[in-house]
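Next, two complexes with chain A in common: one pairs it with chain B, the other with chain C.
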Partner chain A sequence: MALSTHTTTTGFLLPSIHSAPPFFTQQPHPTSLSIATEQWIQIILKYSRHRRLFTIRVEDSETTGHDWDEVLRNERINRKVLPSYLSYILAQMVSQKLAAYEPPKQDRSVLIYWRLPEEWAEVLHEWVSSTGHLNTIMTFYEITDPPIESPLSGLPIPLLRQAITILSKTNRAQMIAIADGEGVRFFPSTGKA
Partner chain B sequence: MHRLNGVGLAALDRHTTTNNSYTTLSTTLSHAQITHLQAQLTLFRTALTAFAAKHRTAILDSPSFRHKFTQMCSSIGVDPLAGPRRGGWWAEVIPWVGDWEYELGVQIVDVCVSTRERNGGMIEVADLCRLLNKLRGSPSPSPSSSSSSNSSPPSSNSSPVTEPDILRSVKTLHPLGAGYTVLTLSDGRKYVRSVPKELDQDQAVILAFARGSGSTSTSDDSVSTTLGWTRARATAALENMLLRDGLCWVDEQDREAERVYWVTSAMRWD
Partner chain C sequence: MGGNQSVPKITAQDRAILDLKLQRDKVKQYQKNLQAILDREEAIAKQHLEAGHKDRALVALRRRKYQQGLLLKTDGQLENLQQLVSSIEFSLVEVSVLHGLKQGNEVLKEIHKEMNLESVEKLLEETAEAREYQREIDEMLANNLSLDEEDAVQAELRELQAAVRAETEPSNDVQLPSVPTSEPLAAKPVAPEEQVERDSARVAIPA
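Coming up: the complex of A and B.
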């Protein structure tokens, strides 16, 4: 039985290992487990980048009809990732700093760092400069839901906050309390970061 | 009167003289033979060197030609792999055959080490062949090559590697003491083992069974019914393979059997 890759309806190419039934079972042998988990993490990161998804929850393995169906289930071989395994995979991602529990202090839902917060900080500053918003006060809403699609559209607030914190360490951003909640002002890079 | 046919002292002398002459004759003959033999060997060596040099490209490029060449060498009783360590003159004659085999050997070690974690140190020769050719960027020699080839390189800078090449190279790896051996299972399939561990007899049988039955997965039921073992023995062997040696993966979501064991060499990674 030869395994093959499969392209999903959203145009994502699943690797051939995804067509192997044992891939969906948590392996008892530690080496096999780490290899399989590594593969799963890669698939999750790539898929989230492809679809611009930021969160994954253990609950997603328990229900259907959501964004993660294509990856967590394989209807062709009638297998799915069980909640206990997904929980383990998420824990691994967090320990490798590829995701973070969001909201903190629970372990059912994570924010996926398919782009690290540091990288988001750069993308954010870049976008703010190029759209001419430096030195003006912006609301979070303006950043995550701009009228024109940007690389930051749909960015979850916690991640935006992290990016801003990183920028403020190099004096390129400053959080400001405004009437409706929170705002931020961006400054140009001074060259001496 | 010569009737008594030479007896007496004279006869003794003559006897000695005759012996001496014979000895001299035999020495002369032996020398002649040795010289003749040496001349022949030199002629042979020159001819072989010329042949090897002339067909060097052919030997390196074409696996069938290479195979015939090594067959010819072995039928003469000459080992083209004997490198400088044996100090033979082969090292000067065809050093590049040895080099090629050693290079292949290094690549084999590379592939075995990188797949060791996935398949527990046992890799089927056909798989090894496929991966080696992928590594070298050369097309697979067999017409029925892997199905997952969404990236087959159009040009190759080295020749395709075949099973006899691999078997010979593994032999050259032997003096490294790393335990690279070729195991042949009862159904004739060959595996290269890169971990110096004895394969449990039961496991060997199961591996052969799993592959031979045309599928790559097996459950303890099918093992026990087909091989006639008790369920306990089948389960124990499979669990050992799974847990202790990492030779297979388990699938717990199969509807028919509780646990289905997949032999890792069946699973292809991109």
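Coming up: the complex of A and C.
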């Protein structure tokens, strides 16, 4: 039987292994399990990068009508990923630092790092410099929801916070908190680490 | 790496600006909300019309009109807030410009203190005097040399003249610069030239 790749309606190319029924079952043999899980992790990362999705939850394998349908299900072969398998995959991603449980101390929903927080920090600083927002006070809303589309549109607040913390270690950002909410101020890089 | 040295302190002004910006964000979000409600009300009104409930459709449209008015009002509020935020930020820029000017002014004053007018004038005068003095010395030395030269040359010329008159009776030698009209005269200008060369050789030594 020839397996084929399949392009989803959103323009994402699913690899041919996605058309194989066994791919959707948690394999008992450790080697095949690790290979399959690796493939799943890659698909999840690529898809989240393609659609700019930041979170995935175990519930997404139980329900339909959400963003992960195209990946977690394959109607053509009548297969879907079971919640237990998805939970295992998510745990693997967290252990490889490709995701983090968000909110912390639970294991149902993760924040996907299709871009590492360090990379987000650089992108954030780049964007702030190029739009001329250095040395001015900014609110989180301004950053995640700017009037003009930016590489940071739709960034979840926890990830934004992480990026700001990383920048503040090199004195490029400063968080400000008042009664009503929080803000941040960015500074130019001084050239020294 | 000595802590937060390069990050400026958070002033009360910064907090005020942040507060304003948060309010502005709230208004923006409210507007988004209103817009969503407007669209939904329009859809509801259409549904009612299709179902034949003209009065309910009218009610939905009236609600929508009211919310449109709200939206316009919040637009005005938003503009106010934006203007306030921009003027505060601009005045901060002005303050830093003024601060820069003041510092530059101070530095200039310090430099001027070292360079006050009287000392500059005195310095220029002294330089002019020194230059004048040097010029006089140069002149004196130059004059001395040329005077010595002149005396030596004059004395030697008299000796030569006496010697030449004694050797040859015709005083053709005196006519050194004259154009040679006859051949024997051509030989004569060579001898005085040799004499002059020897003279200049002799003159060079005392220097």
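The rule is short, and it goes like this: the second predicted complex is superposed on the first by the 191 of 193 C-alpha atoms of A that agree within 3 Å, B and C clash if a C-alpha of one lies under 4 Å from a C-alpha of the other, contacts with A are read in each partner's own complex, and residues count from 1 in each chain.
Everything that follows uses one rule, which is that a contact is a pair of C-beta atoms (placed from the backbone, for glycine too) under 8 Å apart; a residue touches a chain by one contact, two chains touch by 3 or more.
Everything numeric in this text was worked out from a predicted model, so none of it was measured.
In the superposition on chain A, contact of A:Glu149 is made with neither chain B nor chain C. Once chain A of one complex is fitted onto chain A of the other, the partner contacts of A:Ser4 are limited to chain B, with no touch recorded for chain C. In the superposition on chain A, A:Ser32 makes contact with chain B only, while chain C stays out of contact range. In the superposition on chain A, A:Met138 makes contact with chain C only, while chain B stays out of contact range.
In the superposition on chain A, no contact is made by A:Glu75 with either chain B or chain C. Taking chain A as the reference, the larger set of touched residues comes from B, when chain B and chain C are compared. Contact with chain B, but none with chain C, is seen for A:Pro22 once the two complexes are overlaid on the shared chain. In the superposition on chain A, no residue of chain A contacts both chain B and chain C. Taken in their complex, chain C has these residues touching chain A: 4, 6-7, 10, 14-15, 17-19, 21-23, 25, 28-29, 89. Remark: chain B residues 117-118, 146-148, 150, 215-217, 242-243, 246, 249-255, 260, 262, 264, 266-270 touch chain A in the complex. Taken together, the chain A residues at the contact with chain B in this complex read 1-5, 15-17, 20-25, 27-29, 31-32, 35-36, 39, 78-80.
Interface of chain A with chain C (complex): residues 136-139, 141-142, 168, 171, 174, 176, 178, 180-181, 183, 185, 187, 190.
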